[in-house]
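Common to both upcoming complexes is chain A, partnered first by chain B, then by chain C.
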Partner chain A sequence: MTPNLVILCAAGMLVTAYLMVGQKSLFTTIRLYAAQSLLLATVAVVMAISDARPHLFVMATMTTVLKGFLIPMFLMRVVDRIGIHREIEPFLNVPTSLLACLGLTVVGYRVSTGFPEGTVGVTHHVLGVGLSTLMIGLFLMVTRKKAITQILALLTVENAIFLVALGITSGMPLVVELGIFFDVILAVLVLGVLVRRIVDRFESMDISRLSKLKG
Partner chain B sequence: MTVLVWMLVAPLVTALLGAVRAPRRVTEAIIAGGLSVTFVLCLATASQFLDGAIPSAFDDALRVDGLSALVLVLCGFTGLVSGTYGIGYLRRNEARGLVTPRMRAEFAVLIPVYVFAMLLVAVSNNLGVLWIAVELTTLASVFLVAFHNRDTSLEAAWKFLMLGSLGLGFALLGTVLLFASAQGALGEELSALNWTRFMELAPRLHPFTLRLGVVFALIGYGTKAGLAPMHTWKPDAYREAPSPAGVLMAVGMLNGALYCLLRVHLISTAALGADFSGGLLLALGLLSVLVAMPFILIQWDLKRLLAYSSIEHVGIMAVGVGLGGETAVFGALLHMTYHTFAKPVAFFSAGTLAQLHQSSDFEAIGPGTLGRAPVASALLVLAAMFVTGSPPFSLFFSEMMILRGGFLGSHVVATSVFLAALIILFCGFAYQIGRLVLGPQPHDRPGPAPETLDLGLGVTLVAAVIAVVSTFYLPGPMIALIHAAARVVSGGA
Partner chain C sequence: MDDTIFRAVVYALLQGAGMLAVAPLLRGTIKKMKAAMQTRQGPPLLQGYYDLAKLLRKETVRSEVASWVYVAGPRVYFATALAATTLVPVLVAMAPLEGAGGILGLIGILALGRFALAAASLDTGSPFGGMGGSREMTIAALAEPALMLGLFTSALAAGSLDLGAVVRSALAPGVVFQPSDIFALSGLFVVLIAETGRIPVDNPATHLELTMIHEAMLLEYAGPDLALVEWASAVKELLYITLLIDLFMPTGIATLVAPVPLLVAAAAWAGKVLVFAVAITLVESTNAKLRLFRVPELVAVSLGLGFLALAIRFL
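Take a look at the complex of A and B:
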């Protein structure tokens, strides 16, 4: 029962990553990110109970509060205030992007078999999903033009790293995890401020306009 | 509390005081005073180390060994010179009405915070704390890059933050994988991520996981160091950042990132032998030197020229470490020391020229600056002789030492390519500075404001004196520190 629940939630994270690739509405993308974070928190809770590792509860709570609610709310306010709601045509169209992500998933699963714990069972799936989501996040980052989508791609990569950490080590030392959370929050705030400044200056958050600096 | 902790508290207190709205003179005094105290505390910590103690705090999460002590002193020095030059920089811009109170407050907070993060990097023994500290340097420098709030500064800040965060994501994954490669043998307390614990357990780390972790960590911290091909943020960020912040990034962050690379390299060496991560560092370093070459030859902007020179120098240090062997490693650490003393002169004199002409574009500044701003131009020429590694100046000797180590070792082909690249880079840089400084005065546009001997130029002169003196005479304790760091890197105590 428990392993299945972990695999289900991990797979759910992969699905949200795919939906993000196929999605153009910025609000929906932010909600997908929130859902993904909540699934990550569920994985942590299940592991905390089944492996009796109480410090994972702290991580799950932080993930829920910060990445499930606070960061998405902050990003939605940013989107609301600048009044741009849709991603414009990405550098690669959606069907091609989805096919590319399929390839990345295969690669992710293949790499996960190299780990000592990674050949069978729950860890195999958690690692496979984690590495695939990581690469899909990177892919999103290079193919999208809107500043907000790039931030979400970065946050997806970060979620994927946490999933890998859960799968392979059942979590880093608590103090370090708290520090990482703190830095993530700070990074999102800094990014938000920067997006506002960019929009004020350029009246757009189209990153492909930032192309003056060359050579 | 120990000196080590006070050394970290001092810049934080400076930042807090800097945030208070106060008359200009008071804020200036706080920055200069706070950073001087910090530097003195850095020296005190290093001298504790030289007296045979190993200063440490928080369960060995912070620990000063030879490598830390060297980086610590260099970072403290960088913080002090760029802080004091920064005061002069702001005064000049103020005279032109370009400085808002918000900017002054931003500056007074960000510079000390940056220094704090840099020093935290230098004393981190814990890979988790190390990561957090590096992330802090990134976040502090974003606003310094965006400082002038021009279109191009926002572009540079965005690119810098995106690439920097991505690099740090890789570094975090690398850290997770390194932790995982111990397969639970490290435990779960804070001390589990201690570098010293990794070194004890090195032979028992799982090879596949470790290799993957090392690759990710080297790419991640390599992005911060500006090694090619992850260097693309550097020219933009250096061009847009005010020159004092440029020095913090080009010297402070570079030393810090190199420190991270060395820590990872040492774990990898202890577990897998020197060839794996050493080979990677050698390849990345050589690539950086080669990538810098064409861009220096065709450069159109003075500050971008310095950025490519910084890519070259981090490449040289990575090559030195990658070549391995005592001579090359000692050369790399000596290069780091000399580079720290020489680079500020280049940035400050270039910054002065750029401020006088209100642009760092070659078209706008040159040719013939020697006639208009003789002091700054002469200092720029002197700095160019340093950074191109011309004899008799210091960087020539460290480069020779790395080359010697390379030819004595087994990488003769790589060293030959490296030598050829250095010669071309020398010619390119000299050509660019020559066409800027010499030549007839342009008559088609109004000349800039005349050069005045203000605080900024004064600090540049002092930095130049330090750079020249360091060529011929390094104080005994400094040499002892370099030797101690070299012992750590070539695998002694």
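Take a look at the complex of A and C:
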């Protein structure tokens, strides 16, 4: 039962990453990120119970509260305030992006077999899914124009790293994880401010305009 | 030998009749739940049956220029939907006519029905019919490979293209859950939405000419012809849901034909169909209809997920 639940949630995270690539509404992307974080929290809870690692409960709670609710709400408010065009404009069109992500997933799975822990059973799938999500996150960051989607891609990468850490190690020490959480909050806040500055300056969130110098 | 064939035929007839009888109820349930989410009262649960009865009593009105293709369309569509029900295990972990065809047979039969209806929609030469037919085929051309990839993922695990064998292997003890199942399920759920004309893809409740897909094909039909198509569409919807249940949550299905397991299986099946109905209602209520040119992107996602599921099986 336990490995099934872990695999279910981990694969669910990869599915949300795919849906992020596959659709264009900004709000849905933010909601997908929230769903992904909740799935991650579920993985953490299941591992905490099955391996008797109580400090993972703290992580799960923080993931749920922060990444499942606060950060998505904050991002939605930023989008609302700015009142931008609510569609994502990727550099690559959706079918091409999906194809690229398919390739990335295959690579992620293949690479995961290289880890000594990654060759069998649950760890194989968790690692494969984690690495694939990581690469899809990086891909999103490269191919999306809007600053908000870049933040979301960064957060996806962060979720994926968390998942890989859960899969390989028996969880990082609590202090390290708290530090990471603090970093994430700070990054989102700073980037949120930055997005508004970009919009003020360029009247658009399109970061490809940043390459034009403005005196 | 004769006896087994006789039994298979009786079983197939019973299952087909059962699916025909239950299908309109599923649509009614979804409509009722949608209405509840919009704090409306909605039509009564049995409205689907009333509508069918009314349509079947009406006289047949056909265009003067309609040829036999127009007449055959709804009939072939209905017949294929009914034939497809005999290839899918519903209550027992065995399809009634398992020897007649597996996954490929099922997909082929469904494609035949769709082709017949699209061809019929072109027959009278009305622009709406042709438009609807072309749109339906555009979406089907993408949804069908997605359906095949999703089904093949399960077939690969079972080592057989027979749906009954797929279900039996999923029930075998010690089968572990695979991430590829999630991908296949997500992909097939999108196919379910697209093929049954549910909201992000098509809106079953509207007749607005610019947006409709499935309904546009049927504009010319009236009376018993229309009833056949509506009924077959409802059966198809139930069929797709049953297919997803068979592949991904077969627990509870009867492995031998006896009263108690059959009752348990019926209850489990009804419960699981209801779960899918709730999921469809939620999707329909929380999403806006996609622009037509966005639909291929959505279906491409499901195609990607199906392909991914298949790829992960090998890695």
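We take it that the second predicted complex is superposed on the first by the 208 of 215 C-alpha atoms of A that agree within 3 Å, B and C clash if a C-alpha of one lies under 4 Å from a C-alpha of the other, contacts with A are read in each partner's own complex, and residues count from 1 in each chain.
Methods note: contacts are C-beta pairs under 8 Å (C-beta built on N, C-alpha and C of every residue); 3 or more make two chains touch, one makes a residue touch a chain.
Model, not experiment: these values are computed from the prediction.
Visitor: Which holds for A:Ile71: it touches chain B only (first), chain C only (second), both, or neither?
Guide: The answer is neither, since A:Ile71 touches no partner chain.
Visitor: In the overlaid three-chain picture, which partner chain does A:Ile180 touch, first (chain B) or second (chain C), both, or neither?
Guide: After superposing on A, A:Ile180 lies in contact with chain B but is clear of chain C.
Visitor: Tell me the contact category for A:Thr169 with respect to chain B and chain C: first, second, both or neither.
Guide: The first partner, chain B, only.
Visitor: Of chain B and chain C, which one contacts the greater number of residues in chain A?
Guide: Larger number of chain A residues touched: B.
Visitor: Return first, second, both or neither, reflecting whether A:Gln150 touches chain B, chain C, both chains, or no partner chain.
Guide: So A:Gln150 only meets chain B here.
Visitor: Classify the contacts of A:Met135 with the two partner chains as first (chain B alone), second (chain C alone), both, or neither.
Guide: neither
Visitor: In the overlay, answer first, second, both or neither for which of chain B and chain C A:Val79 touches.
Guide: neither
Visitor: Would you sort A:Val43 into first (chain B), second (chain C), both or neither based on which partner it touches?
Guide: The answer is neither, since A:Val43 touches no partner chain.
Visitor: Show which residues of chain A lie in contact with chain C when the two form their complex.
Guide: Answer in residue numbers: 3-4, 7-8, 10-12, 14-15, 18-19, 22-24, 94-95, 98-99, 101-102, 105-106, 109-110, 113, 125, 128-129.
Visitor: Which of the residues in chain B come into contact with chain A in the complex?
Guide: Checking each residue of chain B against chain A gives 126, 128-129, 131-132, 135-136, 139, 142-143, 146, 149, 151-152, 154-159, 161-162, 165-166, 169, 172-173, 175-177, 179-180, 183-184, 188-190, 192-193, 206, 208-209, 212, 235-236, 239, 295, 298-301, 304.
Visitor: Can you name the residues of chain C that touch chain A in the complex?
Guide: Result: residues 176-179, 181-183, 186, 294, 296-298, 300-301, 304-305, 307-308, 311-312, 315 of chain C touch chain A.
Visitor: Which part of chain A faces chain B closely enough to touch in the complex?
Guide: 55, 111, 114-116, 134, 138, 141, 147, 150, 154, 157-158, 161, 164-165, 168-169, 171-176, 179-180, 182-183, 186-187, 190-191, 194, 197-198, 201-202, 207, 210-213, 215
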